[in-house]
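The chains carry the letters A, B and C, assigned in the order they are written, with residues numbered from 1 in each.
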Amino acid sequence: MKSRENTITQLIAHIFCGAAALCALLPFVLLIIASFTDNAWATANGYSFLPKEWSLEAYRYIAVQGSTIGRAYVMTVVVTVLGTVSSILITTLFAYGISNKDIPGMKILNFLLVFTMLFNGGLVSTYYTYVKYFQIRDTIWALLLPNLLMNAFNVILVKNYFTNSIPPSLKEAARIDGASEFRIFVKIIMPLSLPIVATIGLMTALAYWNDWQNGMYYLSERGGGHLYTIQTVLNNINENLQVLKQNASQAASIGATTVNMPTTTIRMAIAAIGILPIMIAYSFFQRYFVKGITLGGVKE
Amino acid sequence: MNERVALVFRREIIMTASKNRQLVPVRKKKIRWAHILPFYIMVLPGCIYLLVNNYIPMYGIIIAFKKLNFQKGILGSDWAGLDNFKFLFATKDSWVITRNTLLYNVAFFIVGTILAIAMAILINEVTSKVASKLYQSLILLPYLMSWVVVGYLVYTFLSGEAGLINKSILEPLGLDKINWYMEKKYWPFILLLVNTWKGIGYSMIIYFSNVVGISQDYYEAARIDGATKWQQIKKITLPLLKPTVITLFILSIGQIFRSDFGLFYQIPKNSGPLYDVTRTLDVYVFQALMKNSDYAMSSAAGAYQSVVGFICIVIANQVVKKFNKDSALF
Amino acid sequence: MKLKKVVSLVLCSAMVLSSLAGCGGSSNGTDTGGGTDSGTTDAGTEGKAAEADSGEITNIVWQYPSPGNLGSGFDDVEAALNEMLERDIGVHVTFEPVELAKSQTEATLMASSGQQLDICLTAFTSIAPLVDGGLIHPLDDLLAKNGQELSEILGTNVNLGKYDSQVYGIPPADRTGNAYGYMARTDLLEKYGITIDSNKYYTLEEIEEIFATVKAGEGDNFYCTVPWNTTQEPLNDSYIEMDKIGGKMGAGVLMLNRGFDDLTVTNLFTTDEYAEYANLMYQWAQKGYISPEAAVTTEFAGSILQTGNYLGQFYWADPAARGGMSSSVGIDFTLIPMIEGYVTNNGGGAILWSIPVTSVNPDKAMQALNYVYSHPEANWLIQFGIEGVSYEVLEETEEGTLIQYLADDPQSLPYHNPYGLWGNILEWPVVAPTPINKNQLTKEFDAAIPESRYSPALGYNFVQGSVNTEMTAVDTVVDQYTPSINCGALDPAKSLPEFIAALEAAGINKVIEENQRQLDAWAAEQ
């Protein structure tokens, strides 16, 4: 009976997850195919999985900006790695701190943390603070610091994990043995927290990878253009399109030759370029990610 | 029992009244700096960051109440009272917009949570490592796409003339083509579907890491007792996921007046006839301020969303505290 | 309570620090030092003190709208420009490249945080936020002192940059008048034996007949017009003469088709003309002249025309228009004129150069602008690049100069500037295959417009400050309905009354009253 139940479970799991995976994959395949479709044909007939006319035009257009894009990739990887590592450190330390509710001040810190999720000073004052006082404009700090380094949501997730999944008896035992708090943190808490660390690591990495706003606001094209990440570059292309499209009547008057503007196909190619590397990277790191999640879950 | 017992410990005695109005000796804990200092050091980097990134710029909220003139500086500009908020209510659709924002958030949370948990549990059940890894990666894929791109892809499916649905499904079946972008009745479902499709990989991961963290001992014990898979899930997995669900619930209540702008603006292609069911507060603010970049007004919109979210989250937190003190956010 | 204490401490420190912000100048420059080499950290970027006028070179920072990829020859062009500017007016320009879409955002952020910016660009948005935010200088005095040639070149176009009776922006010098018509594919016109008399002004009925003929012959998957679904104007402005004196349709228009001396601000959407128009578009969509996708497509009109399933589109009809459209789409079009040229204000220019308050030397900035407008050498340099490197001169006559890019794809050149917003457009060289006398024809076109076809509101600009809320709400409503109406996607019998009701609920009558009041006051002073 057990094995039958097992088989049914497996069947349900495979069908459900498989269907979901397929739903997720198909549009992506469509995206790739679309980027290789001839734009004129696509405009007339709509995109499909089997276009009648193929074209490399989209990628040719992007290749012209090849060196910019190559450099942007490198930049993105650097920023993502640095940002994720620092973020994990700060987040876990902070979360551990506030998970100890009996320490004076931690409850207040907790509230202050949640408060930041709701109230935000807005772009102008944040920009002032970073540019005027800390002068991060056109430096790599502009990509690492604003808004991404520590995320209240992640802190809460980690804090909950600490509170719910790590038995206090472990800490007590270690304290009695004379271990310092730091030692407890490094030797006991962290190894047991691999699942959640892996999780927030992934989420932070994605956040850094996908971020285009920091680059847009804090990097000027000349002084900081070499620091642009891939999403900023791609977003700039799209934004320009949007503006010209929104103001088609006036855009034509300034002679912005609309035909040389990226078409939808090119925008698809741009999107594909933005996603592919992280998919490849994820498939490499997934091993460790899943290991982290499953290993850490094994209790003594 | 009015027993007074003097306990001398480190020369401090404090008497407090306990709940049944009896005098009970309590040892006041002396602050052992050596014990708590490490904690303060640990939270220091985070604190500095919160200060710099969030609290110093916090004064920017007053922009919502000011008539912004940069020459006078933010503090020096004239007060505008609540003028900047008026445009939020100046449309006859204010109620519709609010309703859309609220209902979608509720629907997204309920559907998203159920599916994410189901997915997490099922993927955990899959014995083949290869398959489970594959499923996980693929389901995450939509999260990586931007809404602009998803908008194009949806257009591929829903386009009136050449869309995949109209051409490859409805036509062969002999049904009339539907002009999707002009008919509003389908859109709540379309948006729900698209939002779930895009976000489920992400939320699933959160639940997955919790599911995996559940000790196998519980399941062993249950199996020995003869529990079926379904019973195991119902009695062990779900209850242990409850704290996370509650936390996420409270957090999403705090965002109840916010919405994913990309979803509601890019997917319906900003089509006018659909506004009744696709326009949320963020979309309205964007449309209003797109051509007239008024920072004060956009700041007012943000302040409005924040205040409402704050009130809601405090209420929700208090309610949760009544039932389950640990799960409360603060 | 402890909570109160800590919170108040935090808020206090926030207030203290923010009061420093309010002073607007003292920078606590905590140099983090960790930055990688910021490449060309130009002297101007962190607010250097203004340098003396005479003898020394003033460095000014000038926003340069770029398409994203600057090209290897950018520095050369800047150097060549500076050679001229340093020699003649003692100015050194440092270009600050910025994406066209965010030029105003960047200008706002830079100017409000005290960073040096001498000339900024406003593209496609109203200049009002910059003025109301106190971020830019009024230019009347500066023009009088340092921009005499500039004023001459602009002529009445200087009105495009006015706001609240003062000049705040300098538009590129282009033609003054606009004419409208319909561009039809030449090959299709020939195929159906339709000849066009280019001296006649066609009515909409006559154009519809042409549609009917071609559509009958081409069949189903063929459409006759591409409505621009992101603009509010009916029929891409080819419908009737009007002046959008508030800058937006929602602020009311002057119905110039009823008379060029009519100073009544009207709600276009309640007029009979508009009702007729809405019905017509709906019928066209029913007859298959407009694609059902028109309202939601994201493609540019040019790309849509390239698919070959379209007859053409409603477009401008000035001498340069036909050639421009044909070369950019790659198909030959014939112009069918509909509306004779006329001159309006339309609430201000779409492209304006302004001088922010953080300029170190507004006089020098104005001189630089003046120089570029009045010296073709400098102008051509910025717009087209260095001769011999980016382009070559094919022909030079007294009518104009004909040039050709030195590469098939201009974007692969070491320097390519796709945005035509610099200087005096009417003195530019003409890029092949546009005819060499294009500028000449345009000037003649302008000169041929009689004063009787000048809008009576030239020089007037609507200040929307007191009706800001209503204007925003109204504009949103207009944006909601006009694309569908323009594309004939909805039955106007139902949607037009809805539209009008929504406008009134948003407060359009208040806006129009205010606009009328300001207009009357301005007219009284003329």
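Keep in mind that, in the parts below, a residue touches a chain if its C-beta (ideal position, glycine included) is under 8 Å from a C-beta of that chain, and two chains touch if they have at least 3 such contacts.
Only a predicted model underlies this, so the values are computations on that prediction, with no experimental measurement involved.
Nearest to the common centre of all protein CA atoms is the CA centroid of chain A. Between the interfaces A-B and A-C, more contacting C-beta pairs are found at A-B. Put simply, the C-alpha centre of chain B and that of chain C have 40 angstrom between them.
The geometric centre of chain A is 17 Å away from that of chain B, both derived from CA atoms. Work out the mean CA point of chain A and of chain C, and you get 36 Å between them.
Shared interface positions of chain C, defined as residues touching 2 or more other chains, are 10, 17-18, 21, 112, 298. Shown for chain A are the residues that touch two or more other chains, namely 44, 104-105, 107, 111-112, 124-125, 128-129, 133-134, 246, 264. In chain B, the residues touching two or more other chains are 55-56, 58-59, 74, 152, 159, 161, 295. Looking at the complex, you find that chain B touches chain C at residues 51, 55-56, 58-59, 68-76, 83, 86-87, 90-92, 152, 155, 159-161, 179, 181-182, 269-273, 275, 284, 287-289, 291-295, 297. Residue ranges on chain B touching chain A, taken from their complex, read 31, 35-36, 38-40, 42-43, 45-47, 49-50, 52-61, 63, 74, 118-119, 122-123, 125-127, 131-146, 148-150, 152-153, 156, 159, 161-164, 167, 197, 200-202, 205-206, 208-210, 212-217, 223, 228-229, 243-244, 247, 251, 254, 290, 295, 298-299, 302, 306, 309-310, 313, 326, 329-330. Partner chain C is touched in their complex by these residues of chain A: 39-41, 43-44, 64-65, 68, 104-105, 107-108, 111-112, 124-125, 127-129, 131-136, 138-141, 216-217, 220-227, 233, 236-237, 239-240, 242-261, 263-264.
Of all residues in chain A, those touching chain B in their complex are 2, 5-6, 8-10, 12-14, 16-18, 20-25, 27-28, 30-31, 34, 44-48, 89-91, 93-94, 96-98, 100, 103-107, 109-114, 116-126, 128-129, 133-134, 145-147, 149-150, 153, 155-157, 160-161, 163-165, 180-182, 185, 195-196, 198-199, 202-203, 206, 210, 238, 246, 264, 267-268, 271, 274-275, 278-279, 282-283, 286, 290, 293-294, 296-299. Those residues of chain C that touch chain B in the complex are listed here as 10, 13-15, 17-19, 21-24, 104-105, 108, 111-112, 125-126, 128-129, 132-135, 248, 291-293, 295-296, 298, 357, 468-473, 475-477, 479-481, 483-484, 489-490, 502, 505-507.
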